[in-house]
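Listed after this line are the structures, all set down as structure tokens.
Shared between the two complexes below is subunit A, which has subunit B as its partner in the first and subunit C in the second.
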Partner chain A sequence: MADMIVLLRQVPDLVEELELNDDSTDVEREFMKFVLSEWDDYALEEALLVKEASQGSVTVVALDDPDVDQVLYTALAKGADKAVKLTGSEEGWIDSHQRARTIASWMRNQTYDLVLTGVQSVEDIDGQVGMLLAQELQHPHVSVVVSVETKNGSARVTQEFGGGRFSELDVQLPAVLGIQQSRQAPRYAPISRVRQAQQAGGLEEVPTEVSGGSGLTVRRLYAPESTDHAEMLEGSADEVADKIIELLRSRGLIK
Partner chain B sequence: MSVFAAGPGPIDEIQTREVFANFGFFELALFYLLTAVAIGLFAYGAFRRIRKYARGRRAGRLTMPFRRTVVRTAEIGANATIGHRYPMVGVAHFLIFWGFIVLFIGTVILTIDHDIVRIAFGEEASFFKGTFYIVYSVILDTWGVAFLAGLAYMGLRRGLSRPRNLDYKRAEEPPEGYSRAQFVRGDWLFLGLLAFIAVTGYLEEGARIVASDFPDFEIWSPVGWLVGRGFEAIGVDAAGPGETWRHVLWWVHSLAALGFVAYIPFSKAMHMLTDFGNLLFFDEGSSRRLSPPVEAPDHAGYQSLEDFTWKELLDLDACTKCGRCHVVCPANAAGAPLSPRDLILDLRQWADQSTSTVSILDREHRVEPTGPLTVNGDGTKLAGDVIKQSTLWSCTTCMACVEACPVGIEHVPTIIQLRRSLVDEGSMEQSLVDALSNIASQGNSFGKSSRMRARWTKSLDFTIPDARKEPVKYLWFVGDFASFDERLQEQSRTLARLLHRSGVSFGILYEGEWNAGNDVRRVGEEGLFELLVEHNREALEAARFEEIFTTDPHSLNTLKNEYPDFGASYPVKHYTELLRDLIKSGEIKVRPLGRKVTYHDPCYLARYNNITRAPRLILEAMACHVKEMPRNKQGTFCCGAGGGRIWMDDSGLVERPSENRIREAMELGVDYFVVSCPKDLTMYSDAAKTTGNEDKLTVIDVVGLVAEAMDAPEPAMASEAGDVG
Partner chain C sequence: MASDVLVLVEHIDSELTDTSYELVGKAKDLAGGWNGEAVALALGSVDTSELAADRVLKMAHPSLDNYTPEAWLEALHAVVQERDPKLVLIANSTVGMDLGAGLSGRWGKPIAAYASAITGEDQDVVVTSQVFGGKLLAEAVIDGGQGVCTVIAGSFPGEAGKGGGATVEDLTPPAALGESRTSFVTTIEPEGGDVDITESPLLVSIGRGIESEDNIELAQEFADAIGAAVSASRPITDAGWLPKTRQVGKSGMKVKPKAYLTFGISGAPEHLEGMRDSDLIVACNIDENAPIFDIAHFGTTTDLFDLLPALTEKVK
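== the complex of A and B ==
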């Protein structure tokens, strides 16, 4: 039994070609298509799995990102119990600090056991939102979580490390988890269910007012500059090994 | 001596027979009591079945009264559907069908004379005598022989030649084991009962003729006469035990016949009634134009008996297990866990079990209550437990089963209704989820940006008009595969160049076009289908054109047959029809190619929309010699990609349908395998490779050949080129 809050955010759809704005400080957002951050989709799926296993509730919350209503209704169609949209934030890119603070300001009035969010997003590859939120609310935090199980006021989570290693941790609740992967692929929400949810309405809009972010400003956004192309070494394993040794020798890295 | 002279006299002297000769009161009462019981059981059984159908939803099948009653009745009377591709079975069934009806009418006439006319108007009013009796006798005796001949053919076919379609081995076999021995016994009981009734009828007739000492007019019952002579030869005669034998045989025959009457609604024999209804109310368009899902607040697909329409419930009882669907099904041929026959029989058993319907020798047995034996309740699911998910997902919606079914069963719409249940609960494989998600967000299954849809046109040296910006004659609905698949983009460019060169006015919708949704709907994702229709309808409304033509037969099907239900009604043709028209009118000039080709009919073109002539006319115009594969036109064999299968994993198959098809074509000794569907080009190019026939058989689109024919040298040289090719 756990009441869960899942943070959702919209990110640019990387299927589209990204264009920069005139002063190269942000992507051109006006004509951009936005989709739910992949990792947030995992966080929602994991929360729904926890709810199925041990009851409880799932509340999804998002800032007023572009096309976010659709995503919130889709979450309701998948089985979330409540959807909240925090309005009042500025348009354009919202940095992790501001995002975490805005959500925290709303969460202080909520009761919950677990907060799940994507471990990172394509716009926040250092995965700060979860950590910052935990800091704001003074909750324990675990990142890179691939499985969640709740029992008697604590959660057992599996954290993934590089090289195929895992650790299993018990976390005191309430806690904030950064989800890397859900136990199963995010479920499909049939369009007719999403439309039903849309028709039923029930999206709670909460005005929030938060100022101050990380204090950083973006000076320049740019596409990675391509350097020399890679050279593919071909042949059998032994031949390739010989070529590598020769290369390293020729550059004076080994003798 | 004139046998037709029916002189006046006591009843035993005129030309007739006595119905209840030498019957005491008790015996007579017993017969009428048993008759009443038999008819009562029949009525009860029929009532139970009808009550089951009445639980179903409305089916909208009371349209076209003339076509359904007069035309269909004539077809049923001719046994036309049964003879389709199985002429000998058609003839045998015709004999049994009409033999049964004639003999039944014979009994009814006897009843009318004996129990109505004579009782109401007195003995002298009887018409069952004289000329009438003689004509009656000769007709019944002859049809009795026809009846037995039909039964003999069916019995020999079933028992000796054992065609594959009569093998009841399941496509999806439960690991814990199952038995369909009852099915086999049920078939033999049915055939045997019919034969037994006919044979005992003749024996009784023979004994009667012996017992009455061969009166002249009884020669008009020739079989009975011969049987009587046979009896005489073994010492059964009028002086001896003739009458006793007659009396005993009378009861044997009558009890068998009465038993049969009671047996009808509980057995395979019910098909005599259910199939008449099922064919009357059959809708050949139900697969090409699907019905919307059930209007229920809590579920979208079929979950219980009440979700089925009465016609769909009738479908279940209509099946005679003839197995024609089983042998034409590409999924079954490929080793997938689907057989349309098993699907219908499983649903029938489940429906019968749910309604406590009694059935004689029509049950599959299993060690565990799985599949059709699944007990309702406890979270068991119709789509998932009774019918396995893997079974439902195996269907390519090629409609071969519906086309082959002699009794008007519509398997495909039922499968899709069950799939809608799976989609509603999100039970599908990941690749399908990805495809649907991509279509929902970008309008194509490739996961590419919708803005890239017309990128294939970039490398053309002309610009295809945007039909939303300038009026065109033809609006080309290109489709996902022809737009995004790199191998197929070249085909699309070929067609574009060819039309441009011929001065044809055509345009496209650019990013306004989204997946047409034919396969999305057939996957069971109705909500997404509606979304796509809305999107495309808006784009089409914004465009100015006279006619639509499509590359993809699947797109053609939904645009032509389903979009009108959603307020988007346009004339739609396939590009092969357009090319045919352009060649005919001389706008496209082709020269002879003289190739040896075979042509593969796409299911959605040939079977769904009866378009088989256009592509062949194009090939003939290019002097290509078309050698037909055994399975052609409406009897074509599916490539395996339809109904959303193209988005699912096919690695578990024993032999891909496309490979099976290439092997079929290899038998013909042709050089080209011509297709007219973008999915076919990829499916068959791959299959030609995997079967190792890539060097012997060239898979080519009609467009590819037309383009070659436009550039081909003068005819004299073309024939040489043809020989080389």
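== the complex of A and C ==
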């Protein structure tokens, strides 16, 4: 049995063009499209798999990021038991250290065995929230986890290294895990069920105070001004294909 | 605060990783500017004779032999407390993802993650990080000039960290190492059996742009026509569309083929780590701002669904 907390975070959708704000210290978030950080989807799936295997519960928690209600209701539709939105961070973007502090302040009053977060997000320049949270709460933590199994107060986790190497670790609970991948592809929640969840409501809103800070001052963001940007091959698909074949032929790589 | 730059080195089967040398090389460069030392910390059993650090600190303890985040963080934190370095460098590997933010939280100093460049401006530490999947770079200053930095593999030359000659010091492990709540069970080694993409001189590499498992055939046909193997970015192997052995990147294989041809790969830093040294890189991606074009030699914004069949047709 494990009572689990899964942390969910909205991030800018990288499919869209990223505009910079006036002083180029952040992306322009005003009209941006946000999506659930892809690794959080794995974290939720892994938690649901653990719950199915050994009972327990799944609580999803998010700070008040843009369009986050939808994400929380989707998690409920997938099988999460409870959804919590930590408000008080509406003032705009906050860094990982602030996120970790804020989430920790709520967690100190909760009971849980396991915290699952996404392994990273695309904008955590001051480090990953999960590992910072573990320090705040003095829990052991493991990052880059690809499978979780719980038994008698501990979790057996598989941690991934590069090149197909993994190791298995046993961690005493409570612990924080950074999830890289779930054992199965994340399940899909039919839109009708998401709507049902929305109609049922039941999003718990908890006011929190944001404190702390990263100690990092971002001077500027910029697109890589590459001096060796690729030479672009122009023309129709046919013409481009000819050019690529020629590149390979001239190097003697194909006949 | 001392002026030293401390590098946590990593090892596989008692051999140092390439990135360890890269970081030590960078540490020498930075520490030189601050009149400090480049100090390498080696936990567990590892051959450090080739490291060109000024000083190598060694710590041995049964709970450090096999990596666990908790014991390594305990050891690293103890050394950092004791020696008060200006900057701590860790690779942005699995170990770095555990310990970078972990150390920042524990030590109470800032961290700059995903670094690809670090410079000293007087006493300031200025870090350039790859964010938003490599679409943007962030230039940030570590307030107070003291903190942690996790560094993307391949950012600095490894040669500068090689040559040996360090003073070696053996450290006493902190007592708390005995109280770890995390225990090592076993290591799982890579599976063989499938095509070895590290041996293939030609790779046709596909990413999420391929959209579905069925479409992989398009890439396979072209690969067959030119005698290449098919490799992929992580989402493709995560989805189970290709075996894990075909994955290129930070958590996949490092490849260096004569030609690496990508179709529908954005060029996230984690992917680039595995293929940046290929002799020839040709990228196909409909997004002209995709970071893959900053590393490719040639590129095209042609739709892969038009280009792959055209390529196959031409070779046949």
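Keep in mind that, in the parts below, the second predicted complex is superposed on the first by the 224 of 255 C-alpha atoms of A that agree within 3 Å, B and C clash if a C-alpha of one lies under 4 Å from a C-alpha of the other, contacts with A are read in each partner's own complex, and residues count from 1 in each chain.
Methods note: contacts are C-beta pairs under 8 Å (C-beta built on N, C-alpha and C of every residue); 3 or more make two chains touch, one makes a residue touch a chain.
From a predicted model like this one, the values you see are computed outputs, not experimental measurements.
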item: Subunit B versus subunit C as contact partner of A:Gln120, first or second or both or neither; value: second
item: First, second, both or neither for A:Val194, with subunit B first and subunit C second; value: first
item: Contacts of A:Val35 with subunit B and subunit C, given as first, second, both or neither; value: first
item: Partner chain in contact with A:Val218 - subunit B first, subunit C second, else both or neither; value: second
item: Of subunit C and subunit B, partner touching more subunit A residues; value: C
item: Which of subunit B and subunit C A:Glu17 touches, first, second, both or neither; value: both
item: Which of subunit B and subunit C A:Ala185 touches, first, second, both or neither; value: both
item: Which superposed partner A:Pro66 touches (first subunit B, second subunit C, both, neither); value: neither
item: Footprint overlap on subunit A, comparing subunit B with subunit C; value: 15, 17, 185
item: Touching residues on subunit B, where the partner in the complex is subunit A; value: 293, 300, 423-424, 426, 428, 430, 433, 436-437, 440-442, 447-449, 451, 525-528, 530-531
item: Subunit A partner contacts - residues on subunit C that touch it in the complex; value: 12, 66-70, 93-94, 97-98, 100-102, 104-106, 109-114, 126, 129, 131-144, 147, 150, 180-191, 201-202, 226-227, 238-240, 244-245, 250-254, 258-259, 261, 266, 280-283, 287, 289, 291, 293-303, 306-307, 310-311, 313-315
item: Subunit A residues within the subunit B interface of the complex; value: 13, 15-17, 33, 35, 78, 185, 187-195
item: Touch list for subunit A against partner subunit C, complex; value: 12, 14-15, 17-18, 27, 96-97, 100, 119-120, 122-132, 134-136, 140-144, 156, 158-172, 175, 178, 180-181, 185, 214-224, 226, 228-234, 236-238, 240-245, 247-248, 251, 253-254
